[in-house]
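These are the structures in question, set out in turn.
In the two complexes below, chain A is the common chain; its partner is chain B in one and chain C in the other.
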Partner chain A sequence: MSTLDASTIKKVVVACDAGMGSSVMLAGQLSSSLAPYSVKVQHSPVNQIPDDADLVLCQQGLVSRAKAVKPDKPVLGFTMFLGDPVFDKLQKAIRDGGQLEY
Partner chain B sequence: MTRADEAPSPTSSGPTESTLSRLKTKVQRFGGNLAAMVMPNIGAFIAWGLITALFIPSGWWPNETLAKLVGPMITFLLPVLIGYTGGRLVHDQRGGVVGAVATVGVAVGSDVPMFLGAMIVGPLGGWLIKLFDTKIGHRTSSSFKMLVDNFSAGIIGGALAVLGMLGIGPVVRTLTEWLGSGVQFLVDSGLLPLASLIIEPAKVLFLNNAINHGVLGPLGAAEAAESGKAIQFLMETNPGPGLGILLACLLFGPRMMRASAPGAMIIHFFGGIHEIYFPYVLARPRLILAAIAGGAAGVLTFVVFEAGTTATPAPGSIIALMAVTPKGGHLGVLAGVAIATVVSFLVAAVLLGFGRAEKARELQEQVAAGGQVDGNAKQKG
Partner chain C sequence: MSTDTLTADAIRLGATAADRAEAIEQCGRLLVDLGAVDEPYVAAMHEREQVVSTFVGEGVAIPHGTNEARKYVRRTQLAVVQFPDGVDWGAGTVHLCVAIAASGSEHVEVLAALSKVLMDSDKAAVLRSATDAATVLSLLGNDQQEAHA
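The block that comes next holds the complex of A and B.
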């Protein structure tokens, strides 16, 4: 477990296998919940995570691939696509500017 | 019970697991690359599928002139798009150009659509021009850069096209025909439902795109070019098995699943984003049996009805499925989806003990956490 200062997060990238389905859906939901804190949310295929991502978000099953592509990026894994506590944790950390464990 | 399982071999289970997960990551990446060549071009596949469904002699509005679009699109446009995308994945625009030229070499003169060939020579072309650029091209002085860039891409692409037409093409064509007749054998002998034994577990390990767009899609397109529809398009995209599992989770699943299941069902069945049900299976791995049973029942139904679609329904939403089903085939497709849903639901319901097992487990977890049975359990910090 390492931590990340949530106030440094300016861009969150949601990654899925193709970058066309579930990541688009999640990015849409997250961008509206994170918009008040001027955090950008983008989606991408897990093989093509952009370099300017401050935090990568993907399903547990894809975490090792995301880490293989971007070994130096913090990767936060979630389990469920709907109502996973990780999303609340992320929003809370960004809102309060605390430390985010990943 | 888990404690007893783990205790005897704490050292041996570690490396095996990490080797397995490394393998999984590798397969995912390879499959992801296959799918990444096809998925950005799904729009073109659907355009072809719609044109086919509308204008061929057995279509909704048969039209001899417009039906002329069908052949060139599947023979040239779609393979070239795949080859271009494959090359571009390796080496951007220059890789894409060489990949596209190389693909024409395998596509021309082939009587089967050259998707497999495009998936080989596209990235190969991209890789060769990348090799040239990194080894030789970057040493060129800037005044000759444009000349060298254009002619290196032209010569490598042209050479690959010739090689593809004479050498790679015939080999891949034979391979494609073998694969095609292999699938046909499975259909004829009624063994096709067994494919669900591989498809459904691979799906929930996030190999869904690799299986569908990397393997079944190209096989199906070859079949659809011949007979106007293909069962291969339905095997992974059938939303029935996932819907059945979500339905069972809604009624009998643990509390956390019950809450999110209705939203997940809409996103899965109508939005076509199947990923949404994978975590439910991964959380209760035995549910994979429900997915396999449902998937196999669906495939069997498709075989019986001789159902198929004209293009890959992507995403696997019921709306997309209906849109690419040829005239007169809707009953078979709907029956397959419905039967898959029912079978998967019933098996999942049994596996979840109709909710009794989950209630007992919740109770057990609360007791184990040192909390009271009444729901006063302490929250884990």
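The block that comes next holds the complex of A and C.
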């Protein structure tokens, strides 16, 4: 388990296999919840994660692929699109500037 | 704003499917019939589903192809297939599929509308049990002008 200083997060990338469905939906949800903290949220296919991502979010089953593509990036996995606790954890850490475990 | 990525002719209510594969097949077939994708896209939808489930919660799944299969997408198009009896999707029972064929990002607004609907369980229930295409279109924000009229 590593930690990331949440105050350094400026760009969150939601990655999915194709970058056309799941990640688009989730990026839409997260961009509204993280907008007050000036954090950008973008979606992308898992094999095209942009270099300037501070944090990568993807479905649990894709975490190892995301890490293979970007070994130096923090990757958080989630299992549910609606109401996964990891989204709350992320929002709280960004709001309070705390440490985020990943 | 014009969003023609979801239109009434792309909405099938009252469908039945024995299992997840059959439901995805129907979604893919509809996208082919609409002229939105070439045949191989359907196989990619099955493949994508096996990588990670497209179940998003509230009885909804969003089947779509893989990144490699984008070349089979002729135009960005969404299609809705409703299964009133439900389809076992592993993580839950699906009553509504929003099938996606995307070459660009024209469909983002409809998916954003979908995600808002799903965060409101009352609206999600209305969407799942819609009995006409107009209800689906109004919830997914495709006919804003008519909704305001």
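Just so we're on the same page, the second predicted complex is superposed on the first by the 102 of 102 C-alpha atoms of A that agree within 3 Å, B and C clash if a C-alpha of one lies under 4 Å from a C-alpha of the other, contacts with A are read in each partner's own complex, and residues count from 1 in each chain.
Everything that follows uses one rule, which is that contacts are C-beta pairs under 8 Å (C-beta built on N, C-alpha and C of every residue); 3 or more make two chains touch, one makes a residue touch a chain.
As the structure is a prediction and not an experimental result, all values here were calculated from the model.
Novice: Answer with first, second, both or neither: which of chain B and chain C does A:N47 touch in the superposed model?
Specialist: After superposition on chain A, A:N47 lies in contact with both partners, chain B and chain C.
Novice: Contact-wise, after the overlay, does A:G61 reach chain B, chain C, both or neither (first, second, both, neither)?
Specialist: In the superposition, A:G61 contacts both chain B and chain C.
Novice: Touch check for A:G28: first (chain B), second (chain C), both, or neither?
Specialist: The answer is second: A:G28 touches chain C but not chain B.
Novice: Quick one: classify A:P74 as touching chain B (first), chain C (second), both or neither.
Specialist: neither
Novice: Which residues would you name on chain A as touching chain B in one complex and chain C in the other?
Specialist: Correct list for chain A: 16-18, 20-22, 25, 45, 47, 59, 61-62, 80-83.
Novice: Taking the touch rule as given, give the residues of chain A at its contact with chain C in the complex, in rising order.
Specialist: 16-22, 24-26, 28-29, 45, 47-48, 59, 61-62, 80-83
Novice: Touching residues of chain A toward chain B in the complex: what are they?
Specialist: So the residues of chain A touching chain B come out as 16-18, 20-22, 25, 45-47, 59-62, 64-65, 68, 79-83.
Novice: Report the residues of chain C in contact with chain A in the complex, numbered from low to high.
Specialist: Of all residues in chain C, those touching chain A are 48, 51-52, 54-58, 62-67, 69-70, 100, 102, 105, 107-108, 111-112, 114-115, 118-119.
Novice: With touch defined as at the start, can you tell me which chain B residues reach chain A in the complex?
Specialist: Residue list for chain B touching chain A: 21-22, 24-25, 28-29, 32-33, 35-36, 39, 205-206, 208-210, 256, 259-260, 263-264, 267, 271-273, 275-276, 278-279, 282-283, 315.
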